[in-house]
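One structure follows; several queries about it will come next.
Letters A, B, C, D and E mark the chains in the order given here, with residues in each chain numbered from 1 onward.
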Amino acid sequence: QSGPVKVGLMLPYSGTFTDLGKGVTNGFKLYVQEQGGKLGGRPVEYLQVDDESDPSKANENANKLVKRDKVDVMVGTIHSGVASTMAKVARETNTLLLVPNAGAGEITGAMCSPNVFRTSFSNWQPGYASGLLAAKKHKTAVTISWKYAAGDESVKGFREGFEKGGGKVLKDLNLPFPNVEFQPLLTELATIKPEAAYVFVAGAGQVKFVKDYAAAGLKNSIPLYGAFITEGTLAAQGDAAQGLQTVLHYGDGLKNPKNDAFIAAYTKAYGARPDVFAVQGYDAAQLYDAGLKAVKGDTKKKAEMIKAMENAKIDSPRGRLTFSKSHNPVQDYYVRVAKGTENVVTDTIVKALADPSPDCKIQ
Amino acid sequence: MHEPVLEARGLHSFYGDSHILHGVDFTLARGEAVGLMGRNGMGKSTLLKSLVGVVTPRRGEVVAFGRRTRGMKVHEIARLGISYVPEGRGIFANLSVRENLNMAARADADGRCDWTFERVLDVFPRLAERLGHGGQQLSGGEQQMLTIGRALMTNPQVLILDEATEGLAPLVAREIWRIIGVIRDTGIATILVDKNWRAVSDITDRNVILVKGRVVFEGSGGALRAQPELLSEHLGV
Amino acid sequence: MTNEVLLRTVKLRRTFGGLAANDRVSIELKRGEVHALLGPNGAGKSTLINLLSGDIPATSGEVFYCGRDITKLTPHERSLIGIGRSYQKTNIFPGFTVRENVRLAAQSREPRAARIFSDAAAFGPYCEVVDEALHLVRLAGVADRKASELSHGQQRQLELGIVLATKPRVLLLDEPLAGMGHEESLKMIELLRGLVASHAILLVEHDMDAVFAIADVLTVMVNGVVLITGTPQEIRASREVREAYLGAEEQQDA
Amino acid sequence: MDLALISIQTLNAVQYGLLLFLVASGLTLIFGVMGVINLAHGSFYMMGAYLAFTLTSLTGNLLFTIIVGTVLSALLGAVLEWALFSHLYKRDHLQQVLLTYGLILIFEEMRSMLVGDDVYSVKVPAWLDFAVPLGSVMTYPAYRLFMSVVCLLVALGLYLLIQRTNIGARIRAGASNRDMVQLLGINIDWLFRLVFSLGVGLAAFAGMINAPASTVSPGMGTQVLIVSFVVVIVGGIGSVWGALLASLLIAFADTFGKVFIPDYAGIAIYVVMAAILLWRPEGLFKS
Amino acid sequence: MVAVFLLALAGFPLLKQEFYSELVIRVMVLSMFALSLDLLVGYTGLISFGHAAWFGMGGYVFALLGTKYQLTNNLWLTLPAAMAVTAFFSFVVGLFVLRTRGMFFIMVTLAFAQIFYFFFHDVKALGGSSDGMNLRGKPVANIGEWVPFELTDVNTLYYFVLALMVALLLFMALLLRSPLGRALQGIRENEHRMEAIGFPVLRYKLAAFTIAGSFAGLAGYLFAVLNSSVNPEMLSWHQSADVLLMLILGGMGQLWGGVVGAFTFVLLQEVLSTYTKMWHLWLGIAIILLVLFLPGGVISIAQRVRGLWQRRPA
């Protein structure tokens, strides 16, 4: 086989998640570039589809790549609903799918499938790790999240982690997605007076939340925990975020040679510092490369390729990355502290954390 | 006679493909009152609309106060000193009576303000009782008073009343006729369309009868009355 | 039989805010009579018609139709039992052809709800009614024009045509002659005269020539209350009426 | 829940309500008074926020930014009215829906091209960067209180403009019968252009004022769109006080919805809206 | 013109382009959705901004029956059920919302749609999840032992949807010239006068609202079948706005307006997003140009062409 491998990138290039979509795309392409524009020894042809984060168009968009463009692999996406439709299409058509962000548990849970890999996280993972961290210092906590699947899953993870560490979640506060009027919840939080708070909101919401939290004077009285809460938005959050502790599988301030090189290359290529989304995109490319290399670029040998990917030990900017039986990342979770515009990694809270994925039936 | 303030020369007006006015010539001199008559659908309103620019004649021209109005916007023509009360009134339903009147207030070209809010209310005391009402809440006749009053608030040189007294009680209708007499004496020219040809011809200097978009008669009230066959043929009287 | 009372009101009252637009209005409309309703502008004539047709609900009082209390009925229910009205401010279907305007009115009498898939325009019984109504209001010649393209006077004729096509027994006409030319007015008066034998007609009109030409009974309202009801002679002779409404009209007619 | 808490939540609701009004104020003019269905309202709002971000990063002065930004936006509004909207007044209102939808797409793309897709924020000016203590653990940012005052001023100004001036009466008249207004010698084209640009200016103004308290982000426009329409409609089309009252009601529904019925908070404002409109089919204040 | 169009549609699957066949199915489904809305907007003058509620509900009925509760996957049961359920709910909602008019109606319909959106977003018993639900498969068309056709085959699904769309068009055409249809148009033109000449306007509007709701339910059902998934976004106001936009773009109050609008809208999106990255920008520009220069919607091109045709011999 000599022709190019067709890589279908189905990501949001418009709408609220545009930035994340671009981060993933950049990361992916950066790795390919580093390999001289090749994966598994074959040149790469990209086919990009803007999924608009609209699940009602997901089926069509995925089919556009699979049935029209006949891609060898799909990479996507951010929005969980869209991603789970992609997973469905992937399973139906036996197409390889790499999920570079969407954290919906079922993608590597109830809906898991041999040809679906995730290079990011399941919502449960960072929540759980955050819970472990919070439990180290606090006995009680309150969670705040948007009322949608990702929020529920993340909060569930936090609760598990927090309770495992001996803490107790007093109350789960939530507000409709994507409402950003947090004031009533902050007021309620202040009356409950827990020792800590955990929050899961995304994008512009996280910026506003962190600012509102500080403006309400809560930052010093009730320490705030979160996973993504400062990721990629530190500049916009300004002083409000300084000193915030978060837990994630990556931090731009993570010190390891791979990450240093990655940051340097990324900054050179795109003129901006990478965030976790770029890393997840980068690793998606790495993972696929590992699979392709094992079959010498012969995409027909699917089973072999999948086998290789399952066993891949990836040298990710985030550290060592392997995959669980359900094809979800097994990775370290770091404690990060916001300093300036960097999330400085201070500690590792849990090593090689895997999502138990009890509902997954591939063995 | 005085110089013409409003003049139409060979007007041809259309709605889409239907040809309504067929070369109408018409003049109105300063301070003159002219009655425009004709059966339903003969083109009276179309002529008036052509004069004020709502309908753009395809051929012919309109001259107002010595200026050709072709190419002018409706409001520019109105600003020359022409006030037009259309049939069906055109009350601003969402404005109160007071606002309906005040919004139109304007001095005439020479800066004179003969017609003020107070004077209009003097003429239509009924309106004074309804100042706070919305336009929609008025009775039909009250609306008619309001449009006439509103037209007067612009202190026009030319007042054009289409179906001037439609819906007005006899007493009020007579008041309108009287007012037209009064304003004519102050030098305002008027064009009147009204089904009551007798009342119209009593106070006008001249009358014009339209039939299918053509002028078939032009003359004084006396002349009109002297020709009953004209009346019966063109007005069905 | 001709003088049977079709529509009767008992102490009707309607207020708008503090204003009593109608107060203690009790009138009777009889078959075979043209009942003219006069009064200065804002006296409450249109309000009364609105109360009779159900367009606005009464504040208090009752309306009876053929002895039945219909105060609570909706406008369409009243229309269906035979009360038809026209509007002072033209109220037609401007975007439809003249024929369709009238045809819809005719259709209301026979909804044929069951026959969903039949062609309404080709239904014979409607067509007859439509042709007749168009003929009566002298619009047969422009039947296929769009209603909005009619002149003002023609629209007034159409206004009447729509009511007639609903085949009412009681006609409530709010200034039907307004906007119509002299000749058309005369024809309409003739038309109403022809209809009256089988109908009861309530006529609101400021055209005194027309009113005195056809009215059998006149009621004069002022400020929402009935001033007087009587024959044309009685009304003409009333000093109050002259002051409130007619003014010097007498002299002209005399 | 104790009284103190309820009163803080009430304060939250009032403050949020005033903010909603501010956001909807431009729409009150363009939609409520002129009758133009302007879906691009949110885009103008977003444009304001991005202007605030860009201009403050250049000049560092919020006040200056707001003045310049409002003027620029108003100019843009006038141009848009001249080029696009002025052709649609005589058409079916729904055509405006389509037109303004097209505008939304263009605005979003332009934003992405010019400023990118990052989330930004704008600094609160130093003289307002303090907080008022509230209860034992909480504080209330002074800037939010400042915004409330601004909002009340805007409400008052709008009310005076629309209800109390001749211009206001002419605009309202123009919305109900354009031709007749022209026949009275009033240049309705010019007037509408003015009002439209004022509406756009107000939308952008709201975006700018709100930027320091919120975020500057892609998609922020569509988020405020629906709630702005809700406010204008529930208040009764064209009524400034109605819109203000509606904003407060909606804010109360939202705030206390989140507190008392968190599981149903998402529909609280819609339930309130439906209830109000079923109770008063023409909004709170019928004009 | 119509015949050519339908023939082209009927022949399309012969090209054996599965993706494009599915695309056309999608457009046909959206056409039906727009068509159902046209009954309200174009013919009765009721501008609903919550029409997606019925669309989504139709899909969810299938999802709940077929996947969540696994009661039945039978086409002949689930499809009528979807239509009946949406008809029922639109009838009930209609009882409330039809009290309001104009802009107020727009917003009340939106409010109700948002409330339904919430149910399918948050209520677990209704499959509530922001991510929606993937379905167990296509409906089966078994009648007893007999299997007339298999919807799992793209071409079969294509012709099934095409047949339904044609049937719906036919139904609408007949309805619109029928007394009921005429009355609805009268209501759009002048509701007040309709009431005054004896039409129970509310009942007529309710009938229109229910019929339109149930057809939207049908469209939503097919949409779910096509995608093999449902999600709350099907009920979102974006979806309501999209279908309204399609209708306005195509031409309201025209039998073919909805169909033309759906085709134009989706094709514009497809073509632009294939050839340019800034496709939103071009889509926006295209829409604005269409509004400015085609006041009667895209369908008016057909009328203009026909106008030229007729004028030529004369």
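Here, a contact is a pair of C-beta atoms (placed from the backbone, for glycine too) under 8 Å apart; a residue touches a chain by one contact, two chains touch by 3 or more.
Here's who's who by UniProt: B, C = ABC transporter ATP-binding protein; D, E = Branched-chain amino acid ABC transporter permease.
All values derive from a computational prediction rather than experimental measurement.
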Each chain counted as touching subunit B and subunit D at once: none
Touching both subunit C and subunit E (chains): none
Most distant chain from subunit E, judged by the mean position of its C-alpha atoms: B
Chain separated most widely from subunit C, comparing mean CA positions: A
Length of the line joining the C-alpha centres of subunit A and subunit D, rounded to whole Å: 35
Interchain centroid distance [CA atoms averaged], subunit B/subunit E, Å: 51
Subunit C and subunit D: spacing of chain centres that average the CA atoms, whole Å: 48
For subunit B paired with subunit C, centre-to-centre distance based on mean C-alpha positions, whole Å: 29
Subunit C residues counted as touching two or more neighbouring chains: none
Sequence positions of subunit A contacting 2 or more other chains: 14, 147
Those chain pairs that satisfy the touch definition: A-D, A-E, B-C, B-D, C-E, D-E
Parts of subunit A lying in touch with subunit E, wherever the complex brings them together: 13-14, 48-50, 54-56, 58-60, 63-64, 67-68, 80-81, 84-85, 88, 92, 104, 106, 111, 147-150, 177
Subunit E residues within the subunit C interface of the complex: 174-175, 177-183, 185-186, 189-190, 192-201
Contact footprint of subunit D on subunit A as seen in their complex: 14-16, 18-19, 22, 147, 173-176, 178-181, 183-188, 190-191, 193, 203-204, 207-208, 211, 215-218, 221-222, 233, 235-238
Partner subunit D, residues of subunit B touching it in the complex: 52, 54, 73-76, 78-79, 83-84, 86, 90, 92-95, 99-100, 102-106, 150-151, 154
Footprint of subunit A on subunit D - complex, ascending: 5, 8-9, 12-13, 15-16, 108-109, 112, 116-121, 123, 131, 133, 135-141, 143-144, 214-220, 223, 254-256, 258-259, 262-263, 265-266
